[in-house]
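Here the chain labels run A, B and C in written order, and each chain numbers its own residues starting at 1.
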Amino acid sequence: MAEQERMIEAMLFASAAPLSTRDMAERMPHGCDPAEALVHLRKRYEGRGVRVAKVGDAWAMRTAPDLGYLMSRETVETRKLSRAAIETLAIIAYHQPVTRAEIEEIRGVSVSRGTVDQLLEMEWIRFGRRKMTPGRPVTFVVTQEFLDHFGLESARDLPGLKELRAAGLLENRPPPGTMPQPGEGGDVEESETAPGQNELFED
Amino acid sequence: MAEQERMIEAMLFASAAPLSTRDMAERMPHGCDPAEALVHLRKRYEGRGVRVAKVGDAWAMRTAPDLGYLMSRETVETRKLSRAAIETLAIIAYHQPVTRAEIEEIRGVSVSRGTVDQLLEMEWIRFGRRKMTPGRPVTFVVTQEFLDHFGLESARDLPGLKELRAAGLLENRPPPGTMPQPGEGGDVEESETAPGQNELFED
Amino acid sequence: MAEDDFDQGEAVMKVADRLAAEALIVDVDGFEGPLDLLLTLSRTQKVDLRKISVLQLAQQYLAFVERAKALRLELAADYLVMAAWLAFLKSRLLLPPDPAEDGPSGEEMAAHLAFQLERLQAMRDCAARLMGRDRLGRDFFARGIPEDVMRRRKVHYSATLLDLMQGYARIRTRDEFRPYVMDRDAIFTMEQALERMRGLIGFAGTWTDISSYLPDGFTTDSARRRSATASTFAASLELVKEGRVELRQAETFAPIELRRRDE
């Protein structure tokens, strides 16, 4: 019986829906008696943090009602961060400390106040040192919470352009027909763009 | 303490993902000690159908492996991994933090970017700290999801790790003189991308 | 699997490395690089990898490559690189060491190769042990009905590192492509320069600074001036080659001057 109790305990824990004794019997080896095992299991969980509850004519494990307050923080709705927020965040992570004007220059579009506020509220970014340029604009940097969330040890561990490419993340190709043809001056273009890009990736 | 044990029992039971003691402490009333309660709870579930498993620095409830046969309906199909992906994963786990070049040295062939990409996507590996060697290459390490999936308490518990270390097989020995390095003779795996295109994207 | 290896091993013992090579050749696509092939070949020796005869292994590998050549099979280049290295190693192992020569001894090289093979084999074994473990979602299971349902609605925004990197890649690649698509107006190609100069050199009876040949609109903006200067200079060289003009420069960094050459 102890073994049968183990079986129904595991099934009730892992099942995505409540199980009737019939469901359990079907999964268990022939000759088992889930009804009796249930009696034992219910007894075992009496007064514990979890209990065996009857749901219609099926059974499920539920946390004890008096501990519901422990679950309240898990009642969160997870939403994907917007594209604008992700891009802004990425720029801050890669270029920090960075001013709003610099973010806008890199993104090529203006950054809405809401986006920055959202990232600040999430505590993924914070204000950094003011820049020593006219107007002394504030800068943004990423926080420890940011590093924790993304499983990074430091912002310097973010992969560079070359590694992004190696990981297959730079798949975009210019549309066909816009690729420079040999002898068309393609070499010149390439050598002109290179230094500017490298600059941005300097550690 | 009995009450604290109930609390962590309820929290661990309710969550599908592992929880750290910090996660738990944050949700518990002030002054609770989830670490001590965990010791008790772990003991209580010894030999049961469900057990308290350590996953990195977090904890999770998991069904006992010997009862897996009862759960055929809950089985999740994991993506079939290629031999290259499995070997790459093992090398990252046993040699972490490890760079792409080191993986290639061990396997004797270049690592296709699809392989690394797949492992990143499955969240079994992530980027680690950069290596303090020329070029500051990024490294790869295994994740909590990896530990959870393979039922490991920590990466130190990988099977055979001690023996391998004792046999010197986890050392990074530089080859004497000029050994052929992977990719020297044009790599087979990466050749799907046209060479002309690669060139254009070089930093 | 074990039986196959055994049979293969027996065949080698009885006949020769050449036949073993032939047996392997059928499976040449099945190997993951030269180290993998070497590891397979080493199994025929039936000894602990620590006691393996690297010399014998090198010979087996070279026989394999010879055989592949004879059968006109195309081997990837890295197999041939390894073959060249093993031939070198073989000669080092067979010949008495030359005291005048630098570099690692044959024994050191052989030891490292044996180490690599042992390490690769160890990693294969580890991979197999890892995949054979009890696994989440197959042998043991997580909570089937997680209770983190939304009761109190608090929005939590999430993003993965992949999202972040893709976002960044998106911005960076946009910049990368801009020159190809949009900045073509900053480029004065050599063909354009040549065409322009062919029309103008008829009037260059006296020495003229080639910078005066830059087209309108290409002299003020620095990127455009750079491009036009380069292409005009290249076009001038082309015209010299054709014997149509002469070039001269008084000293380093002095203006480059051009004059029509009369036949």
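Some observations on this one:
The criterion applied here is as follows: a residue touches a chain if its C-beta (ideal position, glycine included) is under 8 Å from a C-beta of that chain, and two chains touch if they have at least 3 such contacts.
Treat the numbers as computed from the prediction; the structure is a model and nothing was measured.
For chain C, the chain whose average C-alpha position is most distant is A.
Ranked by how close its C-alpha mean sits to the mean of all protein C-alpha atoms, the top chain is B. Each chain gets a centre from the mean of its Cα atoms; for chain A and chain B, those two points are 17 Å apart.
Between the CA-based centres of chain B and chain C the separation comes to 28 Å, rounded to the whole angstrom. Centres computed as Cα averages put chain A at a distance of 34 Å from chain C. Residues of chain A found to touch two or more other chains are 10, 13-16, 63, 71, 74, 151-152, 158-159, 161, 167, 169-170, 179, 197. Counting partners per residue, chain C has 141-144, 147-148, 161-162, 176 as the residues that reach two or more other chains. On the chain C side of its complex with chain B, the touching residues are 32-36, 76-82, 84-85, 103-104, 108-109, 112-113, 115-116, 118-120, 122-127, 129-131, 133-144, 146-148, 161-162, 176. On the side of chain B, the complex with chain A involves touching residues 5-11, 13-15, 26-28, 47-50, 61, 63-64, 67, 70-74, 100, 113-114, 116-117, 120, 126-130, 136-138, 143, 197, 200-201, 203. Remark: chain B residues 13-17, 60-65, 68, 71, 74-76, 78, 83-84, 86-87, 89-91, 93-94, 106-109, 120-121, 126-127, 148-152, 158-160, 164, 167-169, 173, 175-180, 182-188, 201 touch chain C in the complex.
Within the complex formed with chain B, the chain A residues making contact are 5-11, 13-16, 27-28, 47-50, 61, 63-64, 67, 70-71, 73-74, 151-154, 156-163, 165-170, 173, 179, 190, 194, 197-198, 201, 203.
Residue ranges on chain C touching chain A, taken from their complex, read 141-145, 147-177, 179-181, 183, 187, 189-190, 223, 226-227, 230-231.
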